[in-house]
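Read from first to last, the chains carry the letters A, B, C and D; within each, the first residue is number 1.
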Amino acid sequence: MANFKGHALPGSFFLIIGLWWSVKYPLKYFHQRRKKSQLNHNYARLEITEAAVRTVFSVIGILAEQFVPDGPHLHLSSDSHWVKLMNWQHTTMYLFFTVSGIADMLTYLITSVPLGIDRLLMAMAAFAEGFLFYYHVHNRPLLDQHVHSLLLYPVFAGTISVFLEVLIRDNIVLELFRTSLLILQGTWFWQIGFVLFPPFGTAEWDQKDHNNIMFITMCFCWHYLVAICIVAINYSLVFCLLTRLKRQGDGEIIGIQKLKSGDTYHTALLSSTEED
Amino acid sequence: MANFKGHALPGSFFLIIGLWWSVKYPLKYFHQRRKKSQLNHNYARLEITEAAVRTVFSVIGILAEQFVPDGPHLHLSSDSHWVKLMNWQHTTMYLFFTVSGIADMLTYLITSVPLGIDRLLMAMAAFAEGFLFYYHVHNRPLLDQHVHSLLLYPVFAGTISVFLEVLIRDNIVLELFRTSLLILQGTWFWQIGFVLFPPFGTAEWDQKDHNNIMFITMCFCWHYLVAICIVAINYSLVFCLLTRLKRQGDGEIIGIQKLKSGDTYHTALLSSTEED
Amino acid sequence: MANFKGHALPGSFFLIIGLWWSVKYPLKYFHQRRKKSQLNHNYARLEITEAAVRTVFSVIGILAEQFVPDGPHLHLSSDSHWVKLMNWQHTTMYLFFTVSGIADMLTYLITSVPLGIDRLLMAMAAFAEGFLFYYHVHNRPLLDQHVHSLLLYPVFAGTISVFLEVLIRDNIVLELFRTSLLILQGTWFWQIGFVLFPPFGTAEWDQKDHNNIMFITMCFCWHYLVAICIVAINYSLVFCLLTRLKRQGDGEIIGIQKLKSGDTYHTALLSSTEED
Amino acid sequence: MANFKGHALPGSFFLIIGLWWSVKYPLKYFHQRRKKSQLNHNYARLEITEAAVRTVFSVIGILAEQFVPDGPHLHLSSDSHWVKLMNWQHTTMYLFFTVSGIADMLTYLITSVPLGIDRLLMAMAAFAEGFLFYYHVHNRPLLDQHVHSLLLYPVFAGTISVFLEVLIRDNIVLELFRTSLLILQGTWFWQIGFVLFPPFGTAEWDQKDHNNIMFITMCFCWHYLVAICIVAINYSLVFCLLTRLKRQGDGEIIGIQKLKSGDTYHTALLSSTEED
């Protein structure tokens, strides 16, 4: 799918998951700090739902790559020629994401699956994506090659970061780092689309101009700055929301308690401040 | 041994050990979780046996490389020329595996050998294999070089993973990761044999066709997916087997207890569920 | 700013912060060892001030790069040409340092910001600097390229070291390592200025002489030795100062106590030696 | 010192320290396991002596490189040419080893020097050696370049391993790994001497023969196997020696105790077995 859509679709896919993670991980973090253990069950359900959605997305990706009108329709070779290798490569990437999604579901569903297997397979999925990209990009014009190869930074940084999570689980900093890298990947896919296949009839980019390479490199840094900002904003929003919800909840409790007995007021206030 | 057999033999060697590990590590993991400490002695014996088998295999490999009809028969140079360097390189690889096997045995036999030495020497054996392969592959046709160089990924990933086990021992995720990499290595050796020396009279592969390179890269990912599946299936089989054996064992105990006294039934059931 | 000043300014910036760190971290370390917890509040204030200064410096850097007479004045492109890409690249670097400075402030000001985020963003700022430098240096004369590429060593070593601090916080060795790398970066920026733009009318360096390359490589090592010495000297000075201050303080206390009661002398001396 | 001696001398230097370490670290390990804390003081003295010897060796190295008849005699440039850059490079390497030696001494002499600084500076000394070697080897014949570049493996592996010791101190496996790498470095320096400057009038090596490259690569692996064997043998010897000494010591105590009182025999035997 060497066109604008073919880059916008996976970009949106990564972006949506990245945005969702930038809400999910702060939520989990604040709840863990307040030690409301009764919510753990809900989180497991949340994780399973997310993993299921990711698996479904990946399967849709596989089906789309195989059964679009000019797809290989599951034929691998004909007359000793490989059929539509590009689609097969994308299918392979989606297969890894499917496996990672299934592993995530199983980790939360079945207690005998060791914790960390989900992170290991997520790291392998990221590695496989980077690995295929690396060999995929050879023999292209300079700018095309450069703009694709920049994608390898978030992919391999993500691989290392997620692999670290095998050993150091539930570290909010590593989780937010992973989230920011995923958002970067999502926005960069869109950028690749805009650079290589300008959608609104704008002029094509000169593939050999060294200034374009320099601009794209810098632009990549801006994308990461934007990704950091998005994560920071969503983190703050979640914090504010939880604080407001908690105050309301505490207010109600206090109100109820006031009705019952006047002198319990201070106790309730005390316990609510202790929880912070 | 630049022929089909020369790749199928080490491939089978790695594959057998990989398959065995995919059974051994889940077994160890489930037993550790149930804290049946009386089994530790048996596991030490198992590890020693495995290490001995690996050592014997490696020594057989050395002897085969040296004393096949066209081997060097322990002659290193004659008339200021090196004799059969390829066989000597393979001998060196097997030597490292022999050393690693001996270190494994000693670690379990002698308590004054520090834990972790076995993993360090296994990492070094993997590194030596990758190191020799790396310089071994230069000056070959493109496809030959590519298909061999892909082998470096599981080898060096294994080196890093096993080195981590020096510091973080008995981590089931790292052990399963290592297992999957070993199986990948085994199946990929077979693949190399099929690509470079087609055994059943099939057409030779075009060494310069870029599509072949792209297909092989993708095929490598599929091999890893198969390796993951094999590990996952064996893990599940071991789990099911252990659960069934345990139920039978508990059933017998319960049966015996029932005969003795009717009211111990619930206690036995309780203790059996507590153990899960 | 491809002139002597353009390298001396960032060099001084890094050098000043490096020198400050070589005083700050030993101070923090010695206080932590003596467990004077009442000083923690002051340290938080110190860190916030430092972060604020760094942020202000970075913003000044951005403004300088944009609004110098031959700067881009926030114009990115005109007539389908990129305007002053070099200034934009420097702006981007400073932007990352600004973000890192803000993150440092927030970590100490707001308790709901997770510890480690400041280190992660500092690592990212270092990485972005190295990343932009890496692509920045292509297509230059040999010596120019070499002298700039050496800068990548402290930058990427700093990235890794600071990233480790995400996981292992308040490790004095890692902090001093980071400090020495920052000083090295500072002095090396000055060296680049002296080599590429000799300021006092001295002869220009032959860009193609291999001996110059060899000398510069060695010179880089000397800079690091100097950086180590600076850190060691400042560490010792802080230690001596704190010991002297402590003795004076203890002396005063002892003096006061003596006036009050003669026999408390030994107790005071005892407690002062116990604290060491 | 581009001759046989110039490689044999540093080789012997590394080899002697490596052999000493292969005795020191097992000694320390076995004593730590038996928790004879009264020996700690002696070990500190041992470490200081070793560091002092290393520092003296390094200073001698600096003086030799500077004041040999054809040395630079501390002149760096004359007539705008660099004087004897090779000697200056070696001087730089020795300077780093001097700094590392001093840091080792200070760590054990002064308690206010943080533990880990010695390891950090040792890692930096190893890195500086590898760094200078890396740029030193360019523009040489193929075999010369290859045989020197192989040296980078133990040097950089040592850098990483020693850096890990900053974070994980007193890990016997990391210490033995470092020891084996140092021995490898020592023997490989000798090998370089034999290959590039055959000392006994043997024929010179063909610098362009690819078989020579292949042999040297393999030979490097054999050197490491020898290094492993040396470490293993010295480890065993230390263990046997300590066991024998302990038995004798226990025997004497038992003998003495027997003379005093007959019934303390069993108690003494018990305590001696408990200590194992």
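What we mean here is this: a contact is a pair of C-beta atoms (placed from the backbone, for glycine too) under 8 Å apart; a residue touches a chain by one contact, two chains touch by 3 or more.
Remember, it's a predicted structure, so these values are computed and weren't measured experimentally.
Contacts with chain B and chain D are shared by no chain at all.
A rotation of 90 degrees, rounded to the nearest 5, superposes the Cα atoms of chain A on chain C. Taken over every residue number at the interface, the positions common to chain C and chain D amount to under half, indicating a different-residue contact. Note: the chain lying farthest from chain C is B, by mean C-alpha position. Between the Cα centres of chain A and chain B there is a gap of 33 Å. Chain D has its Cα centroid 47 Å from the Cα centroid of chain A. Residues of chain B found to touch two or more other chains are absent.
Of all possible chain pairings, those that touch are A-B, A-C, B-D, C-D.
Considering their complex, residues 29-30, 153, 164, 168, 171-174, 176-177, 203, 210-215, 217-218, 221-222, 224-225, 228, 239 of chain D touch chain B.
Across the complex, chain D meets chain C through its residues 80-82, 85, 88-89, 92, 95-96, 99, 112, 114-117, 119-121, 124, 128, 131-132, 135-136, 139, 166-167.
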